[in-house]
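Below is one structure, written out as structure tokens, with a few remarks after it.
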Amino acid sequence: MSETVKHSLMFAFVGVLIILDGTTSFGIFAGSWNSALGILNMGLVSAIMALGVNLQWGFAGLFNVGIMGFTALGGLAVVLVSSSPTPGAWSQGGIGIIMALILGALTVVAAVFITKNMTKGKPRVLALTALLIAGFFAYRAVFDPAVSGVEAINPALYGSLGGLGLPVLLAWPAGGLLAAGAAWLIGKTALGLRSDYLAIATLGIAEIIIAIMKNEDWLSRGVKNVVGLPRPMRKEIVLQEDPGFLDTAASLGLDPVVASTLYVKITYSLLFTVVLLALLWMAQMGLKSPWGRMMRAIRDNEVAAEAMGKNVTRRHLQIFVLGSAICGVAGAMMTTLDGQLTPGTYNPLRFTFLIWVMVVVGGSGNNFGAVLGGIFIWFFWIKVEPMGAGLINFVTYGLADDSALKLHLLDSTAHMRLFTMGLILLLVLRFSPRGLIPEK
Amino acid sequence: GGHAKEVKLGILFGFTGPIESLAPSMGAGAELAMAEVTKSGMLLDTATVTPMRADTGCIDNGLSTANAEKMLADGVSGIIGGDCSGVTGAILQNVAIPNGMVMISPSATSPGLSTMEDNGLFFRTAPSDAREGQVMAEVLTDRGVKSIALTYTNNDYGKGLADAIKTSFEAVGGEVTISAAHEDGKGDYSAEVGALASAGGDILVVAGYLDQGGLGIIQSSLDSGAFDKFGLPGGMIGDSLPANVGADLNGSFGQIAGSGGQGAEAYFAMAEEAGFDGSSPYSPESYDAAALVMLAMQAANSKDPADYGTKIMDVANAPGEKIYPGELGKALELLKAGTDIDYVGASAVELIGPGESAGSYREIEVTDGANKTVQFR
Amino acid sequence: MDLLNALVALTNYVMIPAVAYGSQLALGALGVTMIYAVLRFSNFAHGDTMAFGTMVTILITWWLQSMGINLGPLPTALLALPFGILGCMALMLFTDRVVYRFYREQKAKPVIFVMVSLGVMFMMNGLVRFIIGPGDQRFSDGERFIVSARDFKAMTGLREGLAFKTSQGITIITAVVVVAALFWFLNRTRTGKSMRAYSDNEDLALLSGINPERVVMYTWMIVAGLATIAGVLYGLDKSFKPFTYFQLLLPIFAAAIVGGLGNPIGAIAGGFVIAFSEVSITYAWKKILRYLMPENLEPDGLVQLLSTDYKFAVSFVILLIVLLFKPTGLFKGKSV
Amino acid sequence: MSGNPYQNDRGNKDASITSTSGRSTMEPGLKHSGEVKPVIGDSPFLVGDTMTGGYGKGPDILHECTIAVNPGEIAVIVGPNGAGKSTAMKAVFGMLNVRSGKVLLDGEDITNLSPQDRVVKGMGFVPQTSNIFTSLTVEENLEMGAFIRTDDISNTMEQIYHLFPILKDKRNQAAGELSGGQRQQVAVGRALMTQPKVLMLDEPTAGVSPIVMDELFDRIIEVARTGIPILMVEQNARQALEIADKGYVLVQGRNAYTGTGKELLADPEVRKSFLGG
Amino acid sequence: MIVVEDVHKHFGGFHAVDGATLEIAKGSITGLIGPNGAGKTTLFNVIAGVLPPTSGRVKMDGEDITGLPPHTLFHKGLLRTFQIAHEFSSMTCRENLMMVPGGQSGETLWNTWFGRKRIADEERALRAKADEVMEFLTIEHISDLKAGQISGGQKKLLELGRTMMVDAKIVFLDEVGAGVNRTLLYTIADAIKRLNEERGYTFVVIEHDMEFIGRLCDPVICMAEGKVLAQGTLDEIKANEQVIEAYLGTGLKNKDKLEAGA
């Protein structure tokens, strides 16, 4: 069996799993197209994230443990771009906040300027200290009242600046840009360090990003969440009242509720597939060209690549920014799919480590592997719980229904998920260390 | 034989993730109500109620919507859940509303959810922040407290409640010296307690959870002598708190939704018998949520969400005969006979407005290592 | 101007908690750093290792308590601790045998080990919850305080109290003892020296007749010991919950890296740097200043640099700053 | 890129998750020891007999290469870069699987022993590079040399300090802070601490100033006088052959010339191609 | 062309290069010899920007290039090979060569999506050039093998081939000869000479093979213990007592033999 056939079969297998979930309710399958498409949609988003991480890890050996932060920034972009502006927020303090941020940025720029242009010594230290302290207080003096102004606007419902009210699809590239900006900052610092400390730097910055999103209410309502974000298509309940739609549904012999929910999910699936294919195409094209050759050269031997005129640091920065931007796009897509931004929900286990599992299991260094891993692992993430329950029932078949052990185990089925994910990862690392679809 | 009909109800809580320690008691609470109803054999002509558990991960929107879809596919007639506001919003927007499924959350309090066009499908048994803020302010002023330090668990419940307490208390002339968040799931609270102590105040109000960060903060404050009296909103009221903290908690006070000791105490006893901790946060609310769904079904004589959804308000609110935990069988019988009921339950449910809970509060003071009800408000 | 009260307040709210927390982090970071030095990878499963060791200790503590065995004023957990360590060692050695050893034989690159430890982390995460459940467990008993704030006030007549908990005392003493023992072990004993040698130069260690597998075994055992002690102390001082222990991984890593990965002294220093920065940078100085300033100059605000919301962010900012100026950490990360 | 998928780190060099210092660069040879067979008949004290082998699954680097040394003798291996001199040493020491041929020590066939067990059998080895523990003190380096010994090592240590007096002065200094020549002395001292029955040195004088080189050779002769056979690889072939009782010239993994040191030095062919004229 | 002024490079307490001062004339082929560990490679690394010097300056055509990163120096026309071959092991030999030229339009991501035609043209030209270089080095038969799988000598040739893919001004060769077949080595020597004469490349060559040095190098510099020990024509160097002591070997006999061989 040729490699290509084998790999196509693997994709087919995942496809069959999804189809089974839509058609049969045997065993772990739900027997509902809503469920199947729901899994597929998040699977597609996961695949995009995995693609981003694979770009960084598989092709440049950059270990990014801050995926969570970039995903969250993508989500933030959705709020900033597409939610409607809070009435009065800009006059109440929005302007002030912007001014304060500009002030802060100016302080930093001035500090950098001083560092660059004054000679080393006491005067420079003094000037810097004075500037930073003055800058900090000036910033707080403008910032704090402006923030309380904004946050005072009906905190239960608003209390934030809101967004620009633009179409939500625009938020996806915006999410990419936001993540790219953050990645650029991290990369500039971490990739410039003498020893490479990217992993811990990304981990730290991701935590900082989440802390900001959780606590700066004016920006994203913090832990109070932003719900009801706009969607790129009509809502189900609107469809259910649209006579035109109802007619079409009836002509297809579909129940209006089913028709509307499927309509929404399929639209998402199509949109996500388009984005995924576009990114996949771009990644593949890049990698098959001199650019990819250069990246592989850098990965093989940084010193020699540097001696052959390749700017290794800049290339690392480039690929780090690109990969993070892709995670940002995926984050924005996920927030759109959820219809809400919930900063409290970004957690490293789910948004960083799970993505790593997807990449490693799928096959680092192979874009198709990453995509397969994304969808496959997501499917398992959902289905391991019923599988675990089934397994425990099977194992404890002989035990009485009310035996303490059986009850204890059944209570723990939810924890099968983590356990099984670990097991899958270990098995793959052991028996197929290059992943399901290895790098050619 | 007798199981002519089966009613499936979904229980969708975060059995893994940040509140994995609360979820088991919540699930057990909901299942307790279902078992009670099944045993009574009074629902819709001796229907059995089968619970179906699934996980939300508390923070995993994708997982929870997928699990909700699976529940629908498996034919549930109602969903008890979710728990954390994030996933609750996601399930509501993406699954419950589009499919016309009734959903009752025992814990999500985010005001944002109230404004969603929920088609009358979303309810919650958790008390509203705004109301509790007012009650807390009353309790504080009545006890002559002039200034408080305030700390809240950093989620929408904590934040919302803290905002409400602050607004209400300042409106009656009190001073809030500091309002600082604490994160659940992290063990060390020295920094928070240091800042709170420095800000000072007559007492420390802890808008958190009694077996999460809230407990840590209280313990740490007592240990370092930062505060010796605490204001305890609903999330902090439960037997495990005085049990864990010990005598030092004596004199602290607070309030929890609930009319009369009857409901809550009865529930705690039932829970103890069933082998779980009924005083764990949101466990009573979970019991009530499940009970309300089943009672509404009986009132509508249908398990179709479209039919019984409108009945939930009716069974939850006056007029009618008051129903307490353990009396579900009686309530079903009454409903069958066409008598109105007013479900009080374990957490004194009173639904106002678009599916929110309000109602009377029980003022609690910790004396001799136990929560004692002082009066009702 | 009331220097004494200010000092007591500072000690009570900053020094003591930070020292205790710092000791716990330091012990955790020591474990991470040992694995990094000897096995040359960062072990993502360390938080869950701590949880596992603590869990075993808790189960034994409960059993001892039910048998009516206790240590009087000291927590019973201290009695159970050795068993917890043994249990954790058993698990570590088992994991090494069935998981890590294979990769050693393959001479796998360290980063592969990192991935593997990720898998182990997931599995141990599940395992601990299977056994003890996800809930909060308290297992401290005995006398709660060495000096309570109330007693201190009564004793000294000061306005400010100074509390010193038994658990804090035990933490600090244990940490000192354990660290001293570890250093003694590494620098004075044959096995310890062989571990340092292995960490320094694997090939040469082999040529000197040092058995690598034994070194690895000792390392896992020491790490299991450190992790269990750190976990139990943390649990006694605060409480035990599997999720919290997983979250501890981040500050522990930050501590190990700030100090210089692979360097035990660095791990200890790093633990304290992280603990002190979390506690002190977000501290509100109002109270202290009120004691120190003349009455008319008393501050109105909280005099807080940053709100406590950002305490975790603070430790990472410090980490980044340290790395910018000292790329290998405070103490040059190198070997055991 | 090695074919082993477990060794692909994708060029990652992130110091916050992995450390590369002091990692083993050796190919795993024998992991577990097999049996030791007594040898029938007469044979030199240490002999690598018609060894053929290479690294991992790679091509053969040694081709029927034979090297032997007897007590009190110094045997020197010379040859061009990449000829397989170090490889031959590794093969004798068991750090490389010989595909055919055997290694005999003191009347026993030790071909199936792992390097650790060969150390126990009394073989001491000083590799060409990174041959000291840089972060350990000089004394600790010596102690590590005696790791397998259970008896009192203080006497041996005194002997070493007597042999290399400079080390006694620097006993508490980290070995990494020493100069190249001193490091080399530490390395040899470390190997002697095992009280080996045979000592193997890979380019002990590489990067060492001429004076130190003479000094080292003197010491090596002294050690040999105590009856320990010495097998060494040398690039400073001329000096080495002068003190050698036996010389081997390896070319592309084969024995090209063999003879006493004097013979080889006198052989015009050898002089021309390997001794720089 | 290159001026090295009092360069020191310390590793911890160890002085690998200890005050080296030398000058490399434009158009010359300079030989750099010296005992193992003399600091030759380290000096190369300092000049080529791989290692920052502890102190001292390096100038190229009057411009201070101290501490400039290697990729910048590459674009200024300074190329080097490595003593231990630094091949790109997972790439084919041809790719190893094709990746060298700077400023390829295919190295810009944008073009890989929207300028595929131009890339294809460039690639064809590059390919032709790479094949030509490999033919010259007699390694065309391994052009499609992964560079990780070829022999040490072939790696050295590949390494040399990379410097021939672009127009360099000055090329530093670190022991190209080690592990390379002698006949081929002298072919390489001829090639170096041709590049020097026809294209005006300047070469600096580290080599232990005196015959090779003798064929090629005009000025020869001998380093020892991090310093320049002697400098001059090959004959001068060979006659230098210090060099004989430190490098060539002691005794007059030795010297006679050397001359006889040359």
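As written, the chains take the letters A, B, C, D and E, and residue 1 is the first residue of each chain.
Going forward, a contact is a pair of C-beta atoms (placed from the backbone, for glycine too) under 8 Å apart; a residue touches a chain by one contact, two chains touch by 3 or more.
Protein identities per chain, from UniProt: A, C = Branched-chain amino acid ABC transporter permease; D = ATP-binding cassette domain-containing protein; E = ABC transporter ATP-binding protein.
Not measured: the values here are computed from a predicted model.
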Joint neighbours (subunit A and subunit D) are C, E
So how far apart, in whole Å, are subunit A and subunit B when each is placed at the average of its C-alpha atoms? 32
Between the Cα centroids of subunit C and subunit E the separation in whole angstrom comes to 51
Approximate Å spacing (C-alpha centroids) for the pair subunit B, subunit E: 75
Using mean CA coordinates as chain centres, what's the subunit C-subunit D distance in Å? 43
Contacts with two or more other chains occur in subunit C at residues 42, 111-112, 114, 129, 133-134, 253, 257, 307, 309, 312, 328
Which residues belonging to subunit D are in contact with no fewer than two other chains? 1, 6, 8-10, 12, 14-17
Residues touching two or more other chains, restricted to subunit B: which are they? 15-18, 20, 24, 154, 181
Can you give me every chain pair that touches, using the contact definition above? A-B, A-C, A-D, A-E, B-C, C-D, D-E
Residues of subunit E that touch subunit A when the two form their complex: 48, 50, 69-71, 74-75, 79-80, 82, 86-91, 95-96, 98-100, 102, 104, 106-109, 111-113, 116, 119, 122-123, 162
Touching subunit A in the complex, subunit D uses residues 1, 5-6, 8-17
Touch list for subunit D against partner subunit E, complex: 1-2, 81-82, 176-177, 179-180, 206-210, 235, 238, 271-272, 276-277
If you look only at subunit A, which of its residues touch subunit B in the complex? 25, 30-32, 34-35, 38-39, 42, 45, 155-157, 214-215, 221-228, 235-237, 257, 260-261, 264, 334, 337-340, 342, 344-347, 350, 378, 381-382, 385-386, 411, 414-415, 417-418
Subunit B residues touching subunit A in their complex are 15-18, 20, 24, 54-55, 57-63, 65-67, 69-70, 72-74, 84-87, 89-90, 93-95, 97-100, 110-113, 115-117, 119, 129-130, 154-156, 158-160, 163, 181
